[in-house]
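Presented sequentially are two complexes of subunit A, the first with subunit B as partner and the second with subunit C.
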Partner chain A sequence: MISKEIYKELEEIVGPDNISQDRDVCQAYVMGGDRAWHNTDAKALSTIPEIVLLPGSTEEVQKIVKVACKHKITYTPSSTFWFPTASPSNEDALLLDLKRMKHFEIDAKNMNATVGPGINFGQLQAEAMNNGLYTMVPGGGSQVGVIANTLIWGYSPLTYRTGLANRRIMGAEWILPDGEIVQIGSLASGEDGFWGEGIGPDLRGILRGSIGWHGSMGIVTKMTVKLFPFHEEKLVPVGTTPWTFFLFPEERMKWYNFTCPDKKTMVDFMYDIGHCEIGAANTRVPISWRYMARARDKEKFHEIWMEDREQKRKEVAETAILRVMLIGYTSRKQLQYEEKVLMQIAENHGCEHRRTRQVDGSWMQSCDAVTMWWLTGANMSVTGQLDSLDCSVKMGEKFADLKEKYTPPLMDDHHDPGWFQLNDFGHNGYLEFMNYAEPYETEENVEKILDYYAIAGPKIVIDAGALSFFNQAISPASLDGPNYGPNFHLYAKKVKDAFDPEGLANPPGILDRIDTVIDRIPVLKAKKDW
Partner chain B sequence: MSLKEDLIKIVGDSGVSDSQDDIAPLIKGQSLEPTQMPGVKVSVKSSDEVGKIIQLANDQKTPVTLSSSGDHSRGITPCEDGILLDLSNMKNIEEPDNRNRKVKVEAGVTWAEVGAVLKKDNLMINNPFLPRANSSVLTSILERDPMLNAQFEFGERIMSLEMFWPTGELFRTGSASSIKYPDSLASGCYPYGPGPLDPMRLLECAQGTMGVCTWTNIKTELLPEIDKAFLIPFDKLEDLVNALYAIQLKKLGKECVVLNSQNLATVLENPGIKSSMPPWSILIVLPGGRLFPEEKIAYEEEALNEVRASQFSSSKLLEEIPGAGSTDILPSLLRNPWPAEKTYWKDQPKGACQDLFFIAKLEKTPAFVDAVMKAADSNGYNPDDIGVYIQPIDFASGTHVEFNIFYDEENADEKAAAEKVYTAAIEETLKLKAHYTRPYGKVMSKMIYDNASGYAGMLKKIKSIFDPNSVMKPGALCF
Partner chain C sequence: MTERTNLSLEDYRWDAQGCCGCRGCIYVDYVFCEGAKNPFRCPSLIRYNFDVYTALGRGKVALRMLNKQGEFTDSTRDILYKCNLCGACDAGCKRNLDLDPLMVMETFRIWAIDNGHEPPEGLKKVTDTIAESENRYGAPHDKRADWLPADAKFSENPEMLYFVGCNSSYKNKAIAEATIGILEAANIGYALFPDEKCCGNPIYVSGALDAAIEQAQKNIDTLKASGADTIVTSCAECYKTWKVDYPKIMDKRTDEMGYKIIHITELAAEKIEDGTLKPSHEVPMTVTYHDSCNLARLSDNWIPWHGTRGRFGCTEPIKEYRRCDTGVYKQPRAILKSIPGLKFKEISRKKENALCCGAGGGVADAYPDFAQDTANDRLNEIADTGAEAVVSACPYCVDNLSEAVKDGGKSVKTYDITQILCEALTGKGGL
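Now for the complex of A and B:
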């Protein structure tokens, strides 16, 4: 229980309108239990915060962190609250809701924007496009915070051209767990944040790696992110919520769908696109997405997706659809050139070009992302594979086999090998293996699902020698750590202990999170054999 | 047992030497800073030996300085009496993985060596501006020598790497981090992590203070079969800046470089044509694609002409370099290291050269050039003799700004003037908020880190976590 005196101290920092201890207000910041998450951690850890604060400036955040350190109180930052680690995991915690921090500046000439934690991708993308620039928007939706997402993941099919998030972080203002501020990138030289590299060793190496710290290494209050050349023709919004889209200016932007003879051919096709240095995005279309698009609501989806399972399994095994986006960044002629190359590659591989609507509701500004993800009451991907496209494809096959052992309670997706795409102009690939389930399952089934995520899934990734960007968000560091690096967790712990010896920044922290969960859930603990 | 004997136990007799004659060529650099003599040089051939040597250095609390190249143009200043760990014999180049566009090279592989291997498959690694043929690819990229290709998509050339922490423990990054690697599904195509730290970023530009990198997987790219290159002349840098922003916003060309007349004449090895050169030039290469290469060049050329007409109509797209023939020579010039048999281009004007470089916004480059030229003028150095090279990075969202101060090492007055210009130029550019991402040498690093105490404070803390015995090049940078 946090004392009245400390409450007063905090109230003086943010003002009475921006602090609350009201149970109903605080309850809104719990992400677990009934909140449709099948993350093991959301279920096991999510705890109501003791006090919620809405700081409005860097200075206020810093003061709050210093008060927390002085009184040894834990604190959790939250920007747009789309991931369970944004909700506290222990009693007597402060929740810093950063949504009021809406600093926004765009430097179109030098292709960057400086944002506060309250700015989301919808806002950033709209302003970028107004300036002839663009960026990627995470698959989770354009409602998520730019800083939070760039710090922890940052993937979408558009990362084919806009690169991995680590490269989009430029200068940043960062409040360390002890309340000290460090300016990284060009901010350290007194410039604005246009550049990310450090003076000598690059401190972005402490800010994030293949994942971020999820609030357990301090709070970023401002970040400059890179933007990219786009084209000057407008994307016109059409439709009525929730069915809204952008109309593509077809001479500058176009979708191409291809039916490929088989998966192997499709993968070769994708490699060739990268080798020819064309395209703005290219991704496999999981068959369920097409049923989703057809169904328009959950009930209809389940009706058509579950009928004639044998035929569906055949359809999933035999259908290989590739979706490619081309953009004429330079000119209309660029699009014409790239289309010619694309069609040539398709012809070489015997792939058939299919008609598709020249609209987008997913990738440019993600207006339909939420509908797309919520096929059942709960979902969570079990791996996010980062390496070559071939590695993504093979891991997808392994997961499809594993998932069968857990279906039901997981929703049957007829042995689908996952969603894979090219990243980084084809230099690497990406696999996300999604799973859907109902939250109100029997205890036995819930335990089965928890085992799938926290133990069985991580084990097959380790066994294959692959790397997932969900490591530590889903899997225990005690299991992963010795297998990667090796012992990456021990090096990271050294850094964490040096900057946060009391462990006050969002405990248990990303390094201990899933181990804590496993210790708390008997069925998982019983399976701990490492 | 002495340090030398311990080292012999690890690498054998022939790999260890404390003779000044053996050591001197390895540390001969071109920097105005005086060089110190390490106690012993040890040449390694394998990762295993590297790990053992770093562990030994920790046991004996002996400082270690790394050397991978035959080139130390920025000066190497080894730690006195310490170990000079020579990685230049680690020469392995693995069979290029053309499906995933990468090649694995060890620390001692040079630009000339890897170029020769990749050319066979019509591939290349995006290279920096005319590196020495004997300079290490790994160190060049790790030390962030900017590549000439200004397109963002081709950046972040390191895809994964193997390293030893300063305590001597082996580590691999990104998707090469599985302990099963290389017998794993992942082939090392992803650079970051594993986990919430990114060791690669800490190694970058660390000048060997944060650990030893033994190999990297590096991105390879198509070596175009045909290209079209232009020289775009400008009288004023301000006009060039506007043109360059417009060109990069349209994503035109790959290699794109800005030189002043001094540097253009120097790299063309024809000092006599300097006066007929435009004061400022953009050199840009429009590459053909893998398929329909002429058509790719055609749409880019048309767009470049449109940008010229609307943004910089008083400059022309020249296919002739004034006094030096066709621009057709540019793709090959820009995609290769400086030929080993020729005097290095930076040594041609006066025998030696001190570089000064930092990162800045393109729009501020005229102010930086002005400041450095004034610093030269007021320190008895002819500003016209200073070479300038400006490299747009990531579509010119930032630029590498480089000044080449040529001097004659044998001429004490000239050397002294160069020294003064160098220090004054750092001071003046810091006032304009130059972002010195690569502070080489004690003089510069002190000035830079004094100016960025918050950043330096955190770096010191990180260094003490990973290098508790302070063995990796103590005294360099801010620790």
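Now for the complex of A and C:
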């Protein structure tokens, strides 16, 4: 229980309208509880915060953190509250809801924007496009906070060209776990946002790395992110929710779908596109997405996706569809040139060009995940891995085999090996393996699904020696640490302890998270063998 | 308390629980997001900032109450009623999860009244006034049609009855006068709705379901006795109440009610398109249009669903989804674009993404400061369009925006669309 005196101290920082201890107010920041089952972390860890604060400035955040440190109170930062780590995991915690921090500044000439935690990707992308620029919008959706997502995630089909998130950070204003402020990259030197590294050693590595600290290494209150050249022709928004999309200016942007003879050929095709350095996106289309596109509601989707399962399994095994987006960034001629190259590569591989609609409802300024939630009626979570494309393909097959053992209760996806794509023109491959779960499972089935997510899934990644992405958040550091290092986990722990010896910044922290989850769920604890 | 057979909060437990926190309910549809400014569509969140002042937060509170895990406090009441029931969250959720968050909040209010919790004082006062005098202003019932000009041309065999609404009967009488001007210009045989009484919208939004049913029944009985089956109205709130709420509280489909309700903008747009109405008088003005929630995203036909949910929430029998996509969006715009001399500029948050004027859901009565804050937010957005006037098709939106203009010393003019159209048709819109 936090004392009245401490409450008063905090109230003086943010003002009475921006602090609350009301049960109804605080409960809105719990992710798990009796609500639909969504995620292992959420179910096991989410705890009602003792106090919720709405700071409006960096100075206020800093003062709150210092008060927390003085009284040894844990604190959790949250901006758009989409990831389970945005909810406290222990009692007597502060929750800092950062949505009032809406700083936004765009430097179109130098192609960057500086944002506060209250700015989301929908806003950033719209402003970028207004200035002839663009960036990627993550799979979590346009409603995701730019800073939060850039710190822990930052992938979408558009990262094929825009690159990985850590390379898009040009500067950050970062409140360390003890309340001190450090500015890195261009925000440190007061220069235009043209570099992210800083003068000496690159502190971005400590700030983020592969998947960041999820708030357990302090709070970023401002970030400069890189933007990329686009074209000047307008994407026209049309339709009425939920049937809204952009019409492409077809002389500057186009989709291309290809049917490939088999998966291996598709992968070769994808690499060749990357080698030629053409395109804006380059990704496999899971077959279930095609059925979702045909459905108007979840009832229809389940009807058409579950009928004739033998045939569906054959279709999934034998169909390899590649989706490519080309953009004429500099001119219409660029698009014409890239189209010629693409078609030549397709011909070389014997891939057939298919017709597709020249509209976009899910990539340029949108989110794939939530539409999948709508049309499946499932809570969709992903596991996956980040490595080479070859590795993505192999891991997708391993996951498909594993998932069959847990289907049902997971939704049958007919042994689909997941969604994979290229990042950085092929320097990096990305697998997102989607798991659709019934939101209101029986306790028995929930236990089975938890086992899949928290024990069996991470283990196959670890056994394969692959680098996981989400799994770094949900797999035991002591086991998968060697894959990164071999002593990655030991040094990461030292860094965390050096900056936050009391462990006040959003515990349990990324390295201990899965062990904490498992320890709180008896059925998983019984299976823990490490 | 007898158990509710329809409109029970328990019926919407699935929708309250199904929220995953994606926040589609608070942000403008990303396809229509125009930049860093104005990202939100939820007035309550804009004003109060804490997540509990959103559909996702109120759903959690509702679950606590259903599960008997907490007390209904004064703070709970504020959280519940500091909501415009504007449906912005509902439209957003249809894009992401296809839940019915608006029905969670409507039935939560019904639950609150059923469980002995009073609505906020200001709203209670209005519902008491309606019970006493059949209108929300406490004005004499027998003066309801006093606005009527002496030269109104009623038909002996009317094609439709004009349901004026409390606001235009007693307060903004120019809207009623402009409406009959439009009906007469279109040569439509009409008569006034006989012995018109308040539609009961404030009663329904307060959560007093039994009283709302009683009020609805009075008007429905009057309509039946008149022998007519078509009603035209210039009030967006009355329109939505007749079209959506009456069937909802009677547990019927809109098309099973035995009558048809038309908003004047639907009728006028049709008559302009077929050439019956010819706006010929210039209205030299640059305007933008403010979508009334009641006329736009809240006005899909009501379709009751009673059934069971299987795995993944699949419904049996299969539910016919209402997704805020069939409302009156295009007709007001078509009318404005048909008027000579008038320049139309679209506002940033529009159609299903529009920001409520701030008055809806009983907020103007219960929390006038909140209503005015939202109106001011909307006026800033209106100013960004460069328009000299804002036009709406709801007298309550016009009222709330006008009040904010007056209090804030702003220069933008506010009109109901009937006034603009009547001016363009007859030169007598009273602008």
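Quick notes
We take it that the second predicted complex is superposed on the first by the 503 of 530 C-alpha atoms of A that agree within 3 Å, B and C clash if a C-alpha of one lies under 4 Å from a C-alpha of the other, contacts with A are read in each partner's own complex, and residues count from 1 in each chain.
Everything that follows uses one rule, which is that contacts are C-beta pairs under 8 Å (C-beta built on N, C-alpha and C of every residue); 3 or more make two chains touch, one makes a residue touch a chain.
In this text the structure is predicted, and so the values were computed from the model without any measurement.
Residue contacts after overlaying the shared chain place A:Ala498 against subunit B, while subunit C stays out of touching range. Residue contacts after overlaying the shared chain place A:Thr244 against subunit C, while subunit B stays out of touching range. Note on subunit A: of its two partners subunit C and subunit B, the one contacting more of its residues is B. Of the two partner chains placed around the shared chain by superposition, neither subunit B nor subunit C is touched by A:Arg323. Contact with neither subunit B nor subunit C is seen for A:Lys263 once the two complexes are overlaid on the shared chain. Contacts of A:Val341 after superposition: subunit B is touched, whereas subunit C is not reached. The contact sets of subunit A with subunit B and with subunit C never meet. Across the complex, subunit B meets subunit A through its residues 99-102, 144, 152-156, 159, 165, 169-172, 174-175, 177-181, 183-207, 209-210, 219, 222, 245, 248-252, 289-292, 295-296, 298-300, 302-303, 306, 359, 361-363, 394-398, 430, 433-439, 445, 448-449, 451-452, 454-459, 461-462, 465-466, 477-478.
Against subunit C, in their complex, subunit A makes its touches with residues 18, 20, 22-25, 27-31, 33-36, 38, 52, 54, 80-82, 97, 99-100, 102, 104, 119-120, 122-127, 130, 137, 141-143, 237, 239-246, 297-299, 302, 361, 365-367, 370-371, 373-374, 376-379, 411, 436, 438-440. Those residues of subunit C whose C-beta lies close enough to touch subunit A in the complex are 14, 17-24, 26-36, 39, 49-52, 54, 56-57, 60-61, 63-64, 67, 70, 73, 75-76, 79, 91-92, 94-98, 311-315, 318-319, 321, 323-325, 329, 351-353. Those residues of subunit A lying in contact with subunit B across their complex are 109-112, 132, 161, 163-164, 166-167, 176, 181-186, 188-191, 194-195, 197-213, 217, 226, 228-229, 271, 274-278, 329-331, 333-334, 336-337, 340-341, 344-345, 386-391, 394-395, 424-429, 462, 464-467, 471-472, 477, 480-489, 491-492, 494-495, 498-499, 510-511.
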